[in-house]
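Both complexes shown next keep chain A, but they swap its partner, so chain B is in the first and chain C is in the second.
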Partner chain A sequence: MTQNRPWIPYLLILPSVAFLALLFVVPLVQTIWLALSDNGAPSLANAERMVTDINFTRSVRNTFLLTIVVVPVQIAIALAMGAMVSKVGRGRETILWIWTIPLGISDLAAGLVWLSILQNTGYFNSLLFSLGVIGRQASWLSYQTPVALFIAIAVAEIWRGTAIVMVIIVAGLNQVPKEFKEAAEIFGAGPWTRFWRITLPLIRPALQSALILRTVLAFEVFAVVYALGGRNFPVLVGEAYNWQNQNQNYSVAAVYAVLIMIISLAATLIYLKALKVDPERLP
Partner chain B sequence: MADIVIDRIRKSFGAFQALKEVSLTINDGEFVSLLGPSGCGKTTLLRIIAGLETSTSGDVRIGDRSIIGLAPKDRGLAMVFQNYAVFPHMTVYENVAFGLRMQKADDARVKAQVEKAAGLLHIEPYLDRYPNKLSGGQRQRVAVARALAVEPKVLLMDEPLSNLDALLRLEMRTELKTVLQSAGTTTIYVTHDQTEAMGLSDRIAVMHNGVVEQVGHPVEIYNHPATRFVGGFIGNPPMNFIKVPVSNGQVAAGAEQLAVPDDVGNEIVLGLRGEAVELAPLPQGIEMKVRVAEPMGSHLLLTGSIHDQPVRVILPASETVKSGDTIGLKLDRRRITWLSPESGKSFPAVSA
Partner chain C sequence: MSTETMSATETASRPASFASSRRWLLWSGIAALCAWVLVPIYLVALGALGGRQGVYIWPKTGLPTGISLEPFILFLKTEGVVQSFLNSLGAAGITVALSILLGAPAGYALARYDFRGKDSYRLLVLLTRAFPLAILALPLTVSFIRLGLYDTIIGVGLIHTVLALPFAALVTQGIFLGVPKELEEAAWVFGCTRVQAFFKVVAPLALPGIVATAVFAFVISWNEVFAASVLTVRNRTLTAYLLTVLSESPMHYRFAGGLMLILPSVVFIFAVRRYLFAIWGISSK
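And now, the complex of A and B:
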């Protein structure tokens, strides 16, 4: 039927294309123009203003550091969780359901949860105090304790963002027929070899999706950091927010936005190249 | 020594009993086929021997040692899976080499073994390819090569040739038989194909509904099935079962009187292979009404009835019987199996 009327598929996808063009491409072009122009003429003045700001280098460093620490830990934890839950028979659904709870919590709420734990009068200090580890309230989230602050933010991010990785990886693991692992087992592969030589290569597509998604989201980290560290721990999106709201400088905020986009695209490309999924080698 | 003793194995999946007390002994170096209809528990039994499934009760021993608690890799066996389970992310070469690599064999040995197994199964042209691009039959041969390459003491094969064309299957099964025999490999071979089982096996175990109905030499199983199921399952056409009246410990077949086992009631089931008859004039022979006569070239296949019960018999191609004829048949009394009408089990052979 569609052979006679080849325009029908196009007609059907037109609304979604128009919707995206209107709400995505137009603002994108506007943002890029806003970032790269000054008084209506092309200019790098905003970019210069961004890089000379004292918080710029710190925010780039913090964002990358956080991504490099958080993403691999999340992948490792998700793989471990996925491997464990695949051994469970009854109650599997319930366990998965509990593990995905953080998925339903907004990142700001997640930040506030961890704030209530880690602030000076929080649960963590109460616990340490009652165990006699500390004599008086310790502070974990101030600019004087950058390492503790970093760890706190990383832990909160890992807690909040691992569920989505796990969901993707569990879906990937479900795609792998159990006979592959069984065959490997019969021919003498131990659990570790089976994981590295059979399971991991076979869930490559899921791994790739999880890595791309988590890395892009990690570069956009904001609410958790803002709740726990405020401006003590500048990150890229936080800086964009500050330039936009505090400084009312939309142009520099736009440069930050463009920078984040470029980093995300680059990361995606690197993953696509590095973890190339050869359709010939899939089950 | 690698004889396998399967001792009263039971397996339930929930309320469903897949295996109901299966016992079977496979001698060192013996080739035993598991033959039976779909769903009778063949794969389940292999998986229990391999350690991929835990039995509900019972024991499996290899060479006097119970292996029931051992991990699959410590049982010293290789297996060909029903759905191949050839690794999609490795080349055919690496697939075949997998077991040897796990044993940390050196490259020279790996190469020699892979080439030997690949040559045997005619898969050398595909060694550098990925399994995804191979046909079902080619993949199946990779799975067999992977198992042969490790030269196992015990080999479990789950319908390893089911996807090959008739010609290749015939060739492969002869080569398999030769290789396994010269290596003295103890083999359990699952198949649906009875001619394959008859041709390859030292002994056949016929399974039905989670029970081994009979174990024996192919000819013995063919001629003297232990149960009505086995007689009907093995052979083409299947064995005929005719319920006949018994008087004075004898059954009349035309003018002849056939002795039946002692202690039977007034009815017995006569199990008759289609080719264990010859044409005889009436009334000496037993009367058969021929409904359809089909000349098959090598023989003549007759479908009809004896004592109003359906039968199929085979006569030499030279006989001229037509559809609708009534003929007389002389039964080869040495090849008659007597079965109980109630239990369906056969009586021990009666000496003529």
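And now, the complex of A and C:
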């Protein structure tokens, strides 16, 4: 098929390569140059300005904390969902559809959804009030309650972001041949052993891509935070947004962008190395 | 429900009570997780339809009392809402068109040809995944002003295509792999040109998958907040509009905005639910 006209595949990929070169590679280089230059000369002045900013340390800490809390919980819930749904015959389609609904929900919308629950006269306070836990409306989303605000943001992120992990993991589980499980059962492996020794290693590729995707997205967290806490909870992308739109300082915004990219790349490399997928051991 | 049929097979080896209590545990877990997903959406819908008074009812019951469509319609009539809704549709339309037009040929090339540079191309596509792509909108502000693309839905559509294109290329590769090569070769034997064979044989078979990919591209664009907010001032998309007016809007407007963002995507996810797992099975390889 390739012998007579070898240029065909190149013709087919050319438009997308050109597009990605223009709108992915060029802005990437631009961002790095913008971040590391000052008046046309290489300089670390912007980086210095970022690091000495009052919100910098807080935004780094908040973003990392959120990622560390949110991603493992999402993986755990998604694995539980996958394990549950594998035991269901009829109704499986409906259950999976319900669980994938948050896949179509933006982080901004997720923030607004949880705002309706957690605001002062919201449903969460109403529930606590009717149970007699609180006497009057408590506030969860102000700068005076940083821990509650953190939990609220984490809950909203877990609510929204678990669906994508679940879809990838269930897709991975669907590819695991039944024989593996049956064989393990015959040799007397209990459910836990089966899960840890058979299922988990076999869905490693799915787990890896779910982790990469979710971690990169977690470092991008922004709108959910803004909808719930406004400026009370600085995160990296939020700071980049403020430097760009409020302060009109594109260079410092670019340094934030570079920092986020470095963190995302590092996380990706760590996952690729730690969860090395051995092609020979795949089903 | 399937409880009887399933437990019937299990009771053969285990005591009946043990098996049925396990079934009970399973189904209550499933029900709890379904509620975890659905109840918050129901509650924000109550907030959106409850209006100004609804926000201050205390304590709330969570029952649908005192709701009507009126507050939501009032929200729609607010200046900028309908326009930003249309802008979102426009940007998403551009994203869908571009990511399929550019991504599907690449997916076809990956599926059907062996060529030098194939692995490098795949690497480029996968590499985009390790980057927070929306952030690349930051330096684009300057070039977009120069090109007259700043504050236009075309500009937003272009950057959203960067997000959707790698996904479209990988997924369409999987879809074209699923169309048997033999059918295409048979068409050639019967005198079709390559182009004819593609449009008469391959395209109809690949169409449902490509539609599903398009829907995903739509959802990606529809939900994107950061790039859209950075690249627009007056021609805001719905997400960008809501983000900028957020701090000065009353609560029930925020909830109405949230509901408006959620509804189309939920419908779309429902429309492509059959393809969800196949697509992610492919694209996560």
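In this text, the second predicted complex is superposed on the first by the 282 of 283 C-alpha atoms of A that agree within 3 Å, B and C clash if a C-alpha of one lies under 4 Å from a C-alpha of the other, contacts with A are read in each partner's own complex, and residues count from 1 in each chain.
Basically, a contact is a pair of C-beta atoms (placed from the backbone, for glycine too) under 8 Å apart; a residue touches a chain by one contact, two chains touch by 3 or more.
As the structure is a prediction and not an experimental result, all values here were calculated from the model.
K.L.:
Please work out whether A:Ser116 is in contact with chain B alone, chain C alone, both, or neither, and reply first, second, both or neither.
P.N.:
A:Ser116 contacts chain C only, not chain B.
K.L.:
Just to be sure I read the superposition right, which of the two partners does A:Gln246 touch: chain B = first, chain C = second, or both, or neither?
P.N.:
Once the two structures are laid over each other on A, A:Gln246 reaches no partner at all.
K.L.:
Chain B or chain C: which reaches more residues on chain A?
P.N.:
Higher number of touched chain A residues: C.
K.L.:
Go through the superposed model and pick first if A:Leu34 touches only chain B, second if only chain C, both, or neither.
P.N.:
Second partner only, chain C.
K.L.:
Report for A:Gln144: first if it touches chain B alone, second if chain C alone, otherwise both or neither.
P.N.:
Touch status of A:Gln144: no partner.
K.L.:
Taking the superposition on A as described, I'd like to know which of chain B and chain C A:Glu182 touches: first, second, both or neither.
P.N.:
first
K.L.:
Give one of first, second, both or neither to describe whether A:Ala80 is in contact with chain B, with chain C, with both, or with none.
P.N.:
second
K.L.:
With touch defined as at the start, can you tell me which chain B residues reach chain A in the complex?
P.N.:
On the chain B side, the touching residues are 50-52, 71-73, 77-79, 81, 83, 85, 87-89, 98-99, 102-103, 130, 132-133, 146, 150.
K.L.:
Which stretch or stretches of chain A touch chain B in the complex?
P.N.:
Touching chain B from chain A are residues 177, 179-180, 182-190, 193, 198, 201-202, 204, 279-283.
K.L.:
So in the complex, which bits of chain A are touching chain C?
P.N.:
Contact set of chain A toward chain C: 1-2, 6, 8-10, 12-13, 15-17, 19-20, 23-24, 27-28, 30-31, 34, 77, 80-81, 84-85, 87-91, 93, 95-109, 111-117, 119, 121-123, 125-126, 129-130, 137, 159, 163, 167-168, 170-172, 174-175, 205-206, 209-210, 212-213, 216, 219-220, 222-223, 226-227, 230, 237, 240-241, 244-245, 250, 253-254, 257, 260-261, 264-265, 268.
K.L.:
Provide the residue numbers of chain C that touch chain A in the complex, in ascending order.
P.N.:
Residues of chain C touching chain A: 1-2, 5-6, 26, 29-30, 33-34, 36-38, 40-41, 43-44, 46-47, 55-62, 98, 101-103, 105-106, 108-110, 112-115, 117-118, 121, 124-125, 128-143, 158-159, 161-162, 165-166, 169, 194, 219, 222-226, 229-230, 239, 242-243, 246-247, 251, 254-255, 257-258, 261-262, 265-266, 268-270, 273, 276-278, 280-281, 284-285.
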